Amino acid sequence: MKAFVSIIMGSTSDLPVMEKAAKFFNDMEIPFEMNALSAHRTPEEVEKFAKSAVENGLKVIIAGAGMAAHLPGVIASMTSIPVIGVPINATLDGMDALLAIVQMPPGIPVATVGINASLNAAILAAQMLGLSNAKIAQKVMNYKEGLKEKIVKANKELSSVKYQFKVN
Amino acid sequence: MKAFVSIIMGSTSDLPVMEKAAKFFNDMEIPFEMNALSAHRTPEEVEKFAKSAVENGLKVIIAGAGMAAHLPGVIASMTSIPVIGVPINATLDGMDALLAIVQMPPGIPVATVGINASLNAAILAAQMLGLSNAKIAQKVMNYKEGLKEKIVKANKELSSVKYQFKVN
Amino acid sequence: MKAFVSIIMGSTSDLPVMEKAAKFFNDMEIPFEMNALSAHRTPEEVEKFAKSAVENGLKVIIAGAGMAAHLPGVIASMTSIPVIGVPINATLDGMDALLAIVQMPPGIPVATVGINASLNAAILAAQMLGLSNAKIAQKVMNYKEGLKEKIVKANKELSSVKYQFKVN
Amino acid sequence: MKAFVSIIMGSTSDLPVMEKAAKFFNDMEIPFEMNALSAHRTPEEVEKFAKSAVENGLKVIIAGAGMAAHLPGVIASMTSIPVIGVPINATLDGMDALLAIVQMPPGIPVATVGINASLNAAILAAQMLGLSNAKIAQKVMNYKEGLKEKIVKANKELSSVKYQFKVN
Amino acid sequence: MKAFVSIIMGSTSDLPVMEKAAKFFNDMEIPFEMNALSAHRTPEEVEKFAKSAVENGLKVIIAGAGMAAHLPGVIASMTSIPVIGVPINATLDGMDALLAIVQMPPGIPVATVGINASLNAAILAAQMLGLSNAKIAQKVMNYKEGLKEKIVKANKELSSVKYQFKVN
Amino acid sequence: MKAFVSIIMGSTSDLPVMEKAAKFFNDMEIPFEMNALSAHRTPEEVEKFAKSAVENGLKVIIAGAGMAAHLPGVIASMTSIPVIGVPINATLDGMDALLAIVQMPPGIPVATVGINASLNAAILAAQMLGLSNAKIAQKVMNYKEGLKEKIVKANKELSSVKYQFKVN
Amino acid sequence: MKAFVSIIMGSTSDLPVMEKAAKFFNDMEIPFEMNALSAHRTPEEVEKFAKSAVENGLKVIIAGAGMAAHLPGVIASMTSIPVIGVPINATLDGMDALLAIVQMPPGIPVATVGINASLNAAILAAQMLGLSNAKIAQKVMNYKEGLKEKIVKANKELSSVKYQFKVN
Amino acid sequence: MKAFVSIIMGSTSDLPVMEKAAKFFNDMEIPFEMNALSAHRTPEEVEKFAKSAVENGLKVIIAGAGMAAHLPGVIASMTSIPVIGVPINATLDGMDALLAIVQMPPGIPVATVGINASLNAAILAAQMLGLSNAKIAQKVMNYKEGLKEKIVKANKELSSVKYQFKVN
């Protein structure tokens, strides 16, 4: 089994944020890997990883980083497969990480999701994989369909909240 | 009894913010309803709700949403009755929700209140209803009058704080 | 003829922003008035205006203000009809005015629209008037319908932009 | 004994922030008063207070407010004595209150101090009083002199922190 | 020829920002289409477009929007193919559009690029297409390789800037 | 004639912002001086100036500064008379200067006015002088009274704007 | 033993932030000192310290400060050795301190590190010392090399996280 | 002649910002070089440059970058000599570049100067060089002394501005 997606983070302190991506891939039965890499502490490892991503069979890379979050952009500069960036809220409510990831210069895009939104990063990766994998595409469609249940449940709970002048 | 106002939220996690609106309508004896709808998870339900709002007798819609808060604007695009938007503080102190609600393009206004300010949303709805309902108009006037009591009470408490050089 | 709506601004330097509201009411044939009032320079006039708004037959007030924009909130504190606030961009891209208008304390809502968005303020006022005036309600519906034409026109223009690999 | 300074706040929930000003005046033996007033809930009381401030012998007014903080500016528009504004952090880290107080339009200044900085407001008031009251001026000078003791104490504590390579 | 990518914008005033994406696809010989759609003005058209995207053979959608930018998120809620959002700077330096696009709720990601960065949106789309189209993948690699020439040119220009103490 | 107020700025590039203060004092016939001082370039001159301010008869100091605006705070730390700070917009819309002036630590207040608001600084200085100078107090009152004329003029201009449905 | 570096802070409440710098110097066996100084409370002490820094053998000064953080800039204006500024998060997430330190006017740079980043300040100081001290230069290189171990450890922890579809 | 300092930028569009640094070194007769490098477009060149900086005799590196400004941090991760970062205002008033440069993770500092402040970067570099080069140290001292002349000139200009009530 080869990984389709690699989830990258700079330290295990980012794991509580990033594990939602891992759980999504596991639930969806999409092979993935997780690696610790740092744009600043192990630049050579980042380079080695990014440059061999295609030949290793990776299709998408998800990179989470906080503060002056360079990791997603640095990886994106060294590979031609899509890189999804997850800004992690370590300081300044995550605004520093968001801007350091999304405001990439012309030529090197990073597909940025919301602050701490690793689940959305994983769904986005699955959508990309689904472009050439009908089974994954179907899973994404099923997952999106399932989102409605949250609303159904919410409506049930709301209808159980009683006020005299509330109309049901 | 038909609802004059509908309070919309995306999930029951928004209820602690939005219930101040419900309590206000209940106290004021203004018939209201509460619904869970999501611009992103149940777009068809949103459309059905918004497009039938007028014929269902609704006069005003209050929609609360956080983050990239699209719900109030999406509803506003599908009905001609006023839509009041409540930015909910889920991330970034609610600044993302405030901007995503208030900065609507020309043609589709959302009457935006402060971050988490569902009580003010309800009062504003009552003010709108009061334009054609003298009883509700009177209730709003009474309510506004009652606000002064908070100051009277504060003055009592302040006068009980004693300092040697404080003049009463 | 009595005005349904009053458009308030602090100086004629605000007129270029606020006149879109006036034009909308004129086009819609909704009687309106325009007044210059300042929360800080003529507080007594503001009070006189706000307290007699109901008996003068006004239904809605639109107040535009920039910087530490107190005018909409101060008027709202002295009347029970809805007040719509238009944050005017005089400094800081209008963020100071937006926050000074929208973040009202509990009890005194201001229906805030986007920065410089006086047209949306006027449409919102018409929506409120439409709750008890079927003719105005119909005009709002027609206006909203007309917004689609902008998209039709845009699609025509886009289809006239030719690229070799563009599919039409 | 007549008050030289009036400390104004909108509710007793602001007292924990504003009481540092009261304590300063008490310690300095400067007669002061405290009042609860709200620009939005009791506009008539605000007007009465501000317009009689001079004849009541007040020299300086300190007004604290949060959110869309209109109170200092509204008072300043109705009196010719200096008004000091204290932005209170109720939402958005106090940035909304800071901007709503400091960004006053030309003609109506509010002497703004830092967020929650009621102590500095009181010192500033004492500096103003000191312009025509030599005893208060002397107290301010003594107070400022006393600030250095905090540094002396800090240096003692720092010199007690031992590291092998620390030079003392 | 069927389009692989659809470029969506709300009005032709967005064309100067979005045309860099069109030019990229044209240069890369990737079939694309351009449509004007508005989340608020033509919600029904948006729904029809988004729901038929897959059966129409679209692989990726690029949506640009300014202000309270709902279009990318609304489309993303109605399709399972990846949606790339381009925040357009219409107000507030584009910060309102950025937050309204990137901060999507769990379940509905939008792949966000930088403010006005439609070229990066196009490159990102090509990277996604390249996952299942070797020819496009090769073009992306060639394009990225070509980016280095800008640096080569810059170095030439820098070496032509003469200072006495500059070492070449 | 001795100056009551000193207007301080770091360079003559600040004069276009600060000259409104000079003109106000001139119109009000309040003796003032203007000095160029820099917290960073001439710290010794700043110290000499601040420490001799009282004995030189100065009552109030107005200091304008941009960027990391230290001048008002540094002067305030060396004198016991009130210091008014004017944040000058040199970068970041003046937000850096505003925060660097207003957020002073406990013990050393700076009376901060709005960004570029040197006129308000001068009015505030006159209000402080008026506490012990009845003539200046009267001038301030007259000046404030005069502000209303701007509104009178605005109302005239607004009444000359004709629309068919405008009510006058 | 003479100190190479002086760590300055305004009060011992800053010690929890600044002690990481002290520990770094201690671990690296670089002689340092710690002093409490305040730009506002003890300006004369600051001047004495800064002006004698060179003759006392100091090579680098690290100054931490919060809010309207003037200390680093004021010291930098009085010495020719490099000054490193550490913005301390006391209010506004540290944004006020960051801007008040980094946005220095032309001529007086402060080498600014991240919010609360006293460890990075110490490393930067060691890098400067290393320019003329081969032993310290070597220590810095060793330290940087050691940073990779954090990644190695993280990778071990990540590989121990087991999911069924995770590839190792 | 070998360069002591290298000035790095990503494209010649950054030259107008960065040339102030070059001019300073030229005026000070400090040998320097200028290179175009991009963290994203030529990562291999960046690595080669950074890793050979020490053996090439470089003492300090100045790197300017805008938007998601990764260049200074990426270079700092690959060398042990000090790296000075200059945030360039390309978008968002330069706030994105400032945060992406200054908020570096623990272990990899970048000495950050103000937005567009390449002159300050050069002075800071000279201060670092001066630690082991008495001639450069002297030049820095002379330069700082010269800054006062700007104030002397400003005072002359201010004294030539005549007002009737201005005291000289």
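So that you can tell them apart, the chains are marked A, B, C, D, E, F, G and H in the order they are listed, and the count of residues begins at 1 in each.
What we mean here is this: contacts are C-beta pairs under 8 Å (C-beta built on N, C-alpha and C of every residue); 3 or more make two chains touch, one makes a residue touch a chain.
All of these numbers come straight from a predicted model, not from anything done at the bench.
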For chain C and chain G, chains touching each = D, F
Mapping chain F onto chain H via their CA atoms needs a rotation, nearest 5 degrees, of 90
Taking A-B as the reference interface, which entry in F-H, C-D or D-F shares over half of its contact pairs by residue number?
-> F-H
Looking at C-alpha means, what's the farthest chain from chain H?
-> B
Two candidates, D-F and B-D; the one with more touching C-beta pairs is D-F
What whole-Å value do you get for the distance between chain A and chain H if each is reduced to the mean of its CA atoms?
-> 36
If you average the Cα atoms of chain A and of chain C to get two centres, how far apart are those centres in Å?
-> 41
Would you kindly tell me how far, in whole Å, the mean C-alpha position of chain F lies from that of chain C?
-> 34
Separation of mean Cα positions, chain C and chain B [Å, integer] | 19
Expected list for chain E, residues touching two or more other chains, is 10, 38, 40-41, 67-68, 91-93, 95, 102-104, 107-108, 114-115, 147
Can you name every chain pair that touches?
-> A-B, A-E, A-G, A-H, B-C, B-D, B-E, C-D, C-E, C-F, D-F, D-G, E-H, F-G, F-H, G-H
Footprint of chain B on chain C - complex, ascending | 59-60, 80-82, 84, 98, 102-104, 106-115, 117, 119-121, 123-124, 127-132, 137, 140-141, 143-144, 147
Can you name the residues of chain F that touch chain H in the complex?
-> 1-3, 9-12, 15, 19, 22-23, 25-26, 29-38, 40-42, 45, 67-68, 91-93
The chain C residues in contact with chain D across the complex are 10, 38-41, 43, 47, 66-70, 73-74, 76-78, 91-92, 95-96, 99-105, 107-108
Hey, which residues of chain H end up touching chain F in the complex?
-> 93-95, 114-115, 147-148, 150-151, 153-155, 157-159, 161, 163-168
